[in-house]
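Take a look at the structure below.
First chain written, first letter: the chains are A, B, C and D, and each begins at residue 1.
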Amino acid sequence: MTAQSFEQHFQDKLDNEVSIEPRDWMPDDYRKTLIRQISQHAHSEIVGMLPEGNWITRAPSLRRKAVLLAKVQDEGGHGLYLYSAAETLGITRDEMLGQLHSGKAKYSSIFNYPTLTWADMGAVGWLVDGAAIMNQVPLCRTSYGPYARAMVRVCKEESFHQRQGFEIMMRLAEGSETQKKMAQDALNRWWWPSIMMFGPKDDDSAHSAQSMAWRIKRFSNDELRQKFIDVTVEQAKLIGLTIPDPDLKWNEEKGHYDFGAINWDEFWNVVKGNGPCNKERLAARQNAWNNGAWVRDAALAYSEKRKERAEKQAVDAA
Amino acid sequence: MTAQSFEQHFQDKLDNEVSIEPRDWMPDDYRKTLIRQISQHAHSEIVGMLPEGNWITRAPSLRRKAVLLAKVQDEGGHGLYLYSAAETLGITRDEMLGQLHSGKAKYSSIFNYPTLTWADMGAVGWLVDGAAIMNQVPLCRTSYGPYARAMVRVCKEESFHQRQGFEIMMRLAEGSETQKKMAQDALNRWWWPSIMMFGPKDDDSAHSAQSMAWRIKRFSNDELRQKFIDVTVEQAKLIGLTIPDPDLKWNEEKGHYDFGAINWDEFWNVVKGNGPCNKERLAARQNAWNNGAWVRDAALAYSEKRKERAEKQAVDAA
Amino acid sequence: MSTQHSNVSTYQPVNLLYYTLQLADTALINGHRLSEWCGHGPILEQDIAISNIALDHLGAARSLYQYAAEQFNNLNEADKKNAFSSPLLQQVVGAIDEDDLAYLRDGWDYRNLLLVEQPNQDWAYTIARSFYLDTFNFFFYRELTQSKDKSLAAVAEKSLKEVTYHIRWSSEWIIRLGDGTAESKERIQNALNEYWRFTGEMTHATEVDNAMHAAEIGVDLAKVKANWEERIAKVAEEATLTLPTGGWMQEGGKEGRHTEHLGYVLAEMQFMQRAYPNMEW
Amino acid sequence: MSTQHSNVSTYQPVNLLYYTLQLADTALINGHRLSEWCGHGPILEQDIAISNIALDHLGAARSLYQYAAEQFNNLNEADKKNAFSSPLLQQVVGAIDEDDLAYLRDGWDYRNLLLVEQPNQDWAYTIARSFYLDTFNFFFYRELTQSKDKSLAAVAEKSLKEVTYHIRWSSEWIIRLGDGTAESKERIQNALNEYWRFTGEMTHATEVDNAMHAAEIGVDLAKVKANWEERIAKVAEEATLTLPTGGWMQEGGKEGRHTEHLGYVLAEMQFMQRAYPNMEW
């Protein structure tokens, strides 16, 4: 096939909603964009273990502790699926982690906010996982097969986590005065960062048009954000919490909620590394990696020794 | 003077209760014994900061926290006086610390027991400092001048600490059921180790006779132990706590308390390194030292640079 | 679960409570330590594995606490009053539950093995701790499946499946580190040496252990000890490591006398229940 | 101490309470962090020095808490109810005291600077934290001696003597580490860079700061800022170090929004008061 026919073949698949698979030809930019997006997503899962991990040892009941620990562990699992999906595009996990640790690769900015009370476990599950699901469900039908399949598994678990988060908030909201305050305080702190998770406004979004064409992205940032707000405002009402946005108002005509201006300065500032916990999160990952170096070396050395011994045995036996 | 006349001169001083001073002639064994004893005593102060230091961040009131912190700091000060006294005998502090960190030098075994509740701050002050004072007051008149003078300062502060410890116990003993139990539990755990602080029975004490002759030691282990028991039993009665010794009984004839058999196996076992915290205490000191190496190097480098600059200035000015 | 020990003659309710708590507390505190690794493991797959193992221990702890709470609630008033010294637990009105036992008992009422409260330090110390404990648990729970107490036997049955995985996991890591690099060998050897002194307690019978064994509720620790020694020796040999022998053993955990570490674990673990009492979460 | 602000017009009692607590909480948490070094310092003399400084901060905290407790006890019932959200503090019967404020407030009621809750890490980080804070404290308390509130002025007078020693101590260490070895220079430079982001909060006025300044009770933070900048620049120059400039600043501590570290500090510090409530020590 000619280069042109490769491209045509690729485009046909896109047009017919046929999955692109690892061994298929694909444009370099498609590959690069996917590597960037999938690894960023994988990093987000791994870094995302930290803010919730912060409350495992302090969970207020044994049941909540078990549920939280299982949830954070699931996030590690998601990271694993996603690193594997990215590896099919010709990058190793170590390369991706190297980019994370050097600061070259990004992860979702939301994880640069601190978890200050137990209610944050509710808010993170409800809002952050909720927003993630909005972003991720369409990716179950994304054009790159391994990524789409990973997202199917991820989304199934995420919606479970989102329900658990909402349940924590509900319990607090129907609890003592202090618990109600705790829940409202968490909502106040997490609301705006959560709706920033959908990324910049469509007008300011750098990669969107091409990603839509490649079916890596299937809805615009603003569409998803609006959908999330519409759903979440109703849930907040249900449990008697107040969304911290005085401009929030149902727009009968549009059939959507209008909402206040987003502080994009804060968004870009956190992306640039100035969030409350950027340094701590990155340092935690770097420490885990650096302190684990001798362990990985040992595991590698042992597996090589085993291989050598097996080969020697085979030779001796021959 | 001849060697013999040096010795005679030294003996005259001992006989006339005149202090031996650093520049005076003294027998090698006297010097060695003193270095061993003073450095061991200094190490005990430093290691002794750890069990009480364990409760500074958890003290139950601000007043108790301040008193405890000041006390542990005083122990550091005592260490300082004593290292200085030992240095006058021709050993450096670094050499002494080297011996501590290598395990060659000993420190008081009592500090190898854990501090498990707040009441241990009371028990340590009351019993451990109490026993220490019994041992140390006679040392204010020990034959070696710098040691005797250091002990005067130490003893003044120690008796203050002992009163503070007793006050903690008294407060607990007049408190809630839980506090009473806490106090009794601490007394149960610290009583026997405290009376072991006076060392082996006179019959089994290796260095005693020579030390008595040199006026490094002024009362026998058993004499001091008996005195401590006689005093402390009365104090326990005063606040309604029970000494954990079923054989304890006033002996009208002797004018002293009889007491039960001491578990010398435990004593020697802890001395050998098998106490509950020997490893932790030594590790804490080694870590402080090792982690501080770069700080000490920096301080030294800076002071040398300053000296060089001052010399250069002097030369330039000349 | 219901209490099934009416046919046992030498049995005392408080002993069974304490015996159950020995197991529950060891599982909880061990799970706590392992969970501290979550998000900080040296390899992502192992981060997930160790969190999974932590979850197993936490699950076992919950079953055991539920059973212990049931036992406590059935005690007569005098035994109830004397069972624990923790003031907030004594103030619970009505029946207690698993969370009261975990979050309102002070250190002296905790009966876990000293081994499990030791800090993680690094991967080698964590593996050494798990190796000693998992091997003990494997043989202990295998025996406990034969308990006349049907509730404990049921917990043992479930735990045994999990422990079979744990013992394989930690043994493999012992071998991997022992027969890995020079550095890993030195680290794991040091860790095994350091934690050796906490192993005697596992199989040294307390009064409670003896009473429960006599009642055919608890297990024969001598038998567990023999199996434990044989198994760890075998693994150490394959790992080209040398296990310590003899030496002084630290004890007291099963009777509420702990190392200085437990206080810090509880301060952190129990903070919310104590700062926000009498609330539902 | 008694409250001496009847002549102040723009004054609100709750603002003065919060202002006092900003200072008290910063002193307590800083003292807590410094006290963690006790027994673990790199040089015995410095172990003693840093413990001494910790004691100064603890002493200042106590004076301020005593004054804050007095203020709180004089509030009307509505203000009392709204001043704090910590449930156990709200349940105190009768007058509160210094210990209630220290041990029964949760994180969101703590108003300390974020800087002081940062962990010690190593000697360089500890010195960097102290250097930034001590320099601020020196100029802040110098101004505060002029407060119309006689109680705060008295605390400031006493603190100023101590802070004069603290600023000398930490400045000398900055110079010693900066102009010491290559390693110490790198370590202290990194620490200064890392903690820079917590310095903006010190001199950035909150509503409470502004209200108290307007009432001539609090100080002019702009003036403190100018002095602070000049002084740290001078010391850094002598230390052959380069101070960061500008950059994003982390804030929130003075309004109860903290970093993740404070929760752990409080869990440890408050454990006894929470586990053994309503007892005298």
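Operating definition for what follows: a contact is a pair of C-beta atoms (placed from the backbone, for glycine too) under 8 Å apart; a residue touches a chain by one contact, two chains touch by 3 or more.
This is a predicted model, so every value here is computed, not measured.
A.B. asks: Starting from the defined contact criterion, work out which chains touch chain B and chain D both, please.
C.D. replies: In this structure, the chains that contact chain D and also chain B are C.
A.B. asks: Please state whether A-C or B-C has more C-beta contact pairs across its interface.
C.D. replies: If we tally the C-beta pairs in contact for A-C and B-C, the bigger total goes to A-C.
A.B. asks: Farthest chain from chain B, going by mean C-alpha coordinates, please.
C.D. replies: Here the answer is chain A, farthest from chain B.
A.B. asks: With chain centres defined as C-alpha means, what is the inter-centre distance between chain A and chain B in Å?
C.D. replies: Their C-alpha centroids are separated by 58 Å.
A.B. asks: Could you give the separation in Å between the centres of chain B and chain C, each centre being the mean of its C-alpha atoms?
C.D. replies: That pair's centroid distance is 37 Å.
A.B. asks: Taking each chain's centre as its mean C-alpha position, how far apart are chain C and chain D in Å?
C.D. replies: So the centre of chain C lies 42 Å away from the centre of chain D.
A.B. asks: Could you say which residues in chain D touch two or more other chains, in rising order?
C.D. replies: Residues 86-87, 263, 267-268, 271, 276 of chain D touch two or more partner chains.
A.B. asks: Can you list every residue of chain B that touches 2 or more other chains, as numbers and ranges?
C.D. replies: Residues 58, 176, 178 of chain B each touch two or more of the other chains.
A.B. asks: Edges wherever two chains touch, nodes for the chains themselves; is that graph a line, a ring, a star, complete, or other here?
C.D. replies: If you draw each chain as a dot and join those that touch, the picture is no line, ring, star or complete graph.
A.B. asks: If you go through all the chains, which pairs of them touch?
C.D. replies: Here the touching chain pairs work out to A-C, A-D, B-C, B-D, C-D.
A.B. asks: Can you list the chain C residues touching chain B in their complex?
C.D. replies: Residues 85-87, 107-108, 194, 197, 247-248, 250, 252, 257-260, 263, 267 of chain C touch chain B in their complex.
A.B. asks: Which residues of chain D touch chain B in their complex?
C.D. replies: 28, 32, 35-36, 38-48, 51-52, 54-55, 58-59, 61-62, 65, 98-99, 102-103, 122-123, 175-177, 179-181, 183-184, 187, 268-269, 271-273, 276, 279-281
A.B. asks: Which stretch or stretches of chain B touch chain C in the complex?
C.D. replies: Listed in rising order, the residues are 54, 58, 114-117, 176-178, 181, 185, 189, 269, 274, 276-277, 279-280.
A.B. asks: Note which residues of chain D are touching chain C in the complex, please.
C.D. replies: Against chain C, chain D makes touches at 86-88, 106, 263-264, 266-268, 270-271, 274-277.
A.B. asks: Can you check the complex and tell me which residues of chain A touch chain C?
C.D. replies: Contacts found on chain A: 46, 49-50, 53, 56-66, 69-70, 72-73, 76-77, 79-80, 83, 93, 118, 168, 171-172, 175-176, 178-179, 284, 287-289, 291-299, 301-302, 305.
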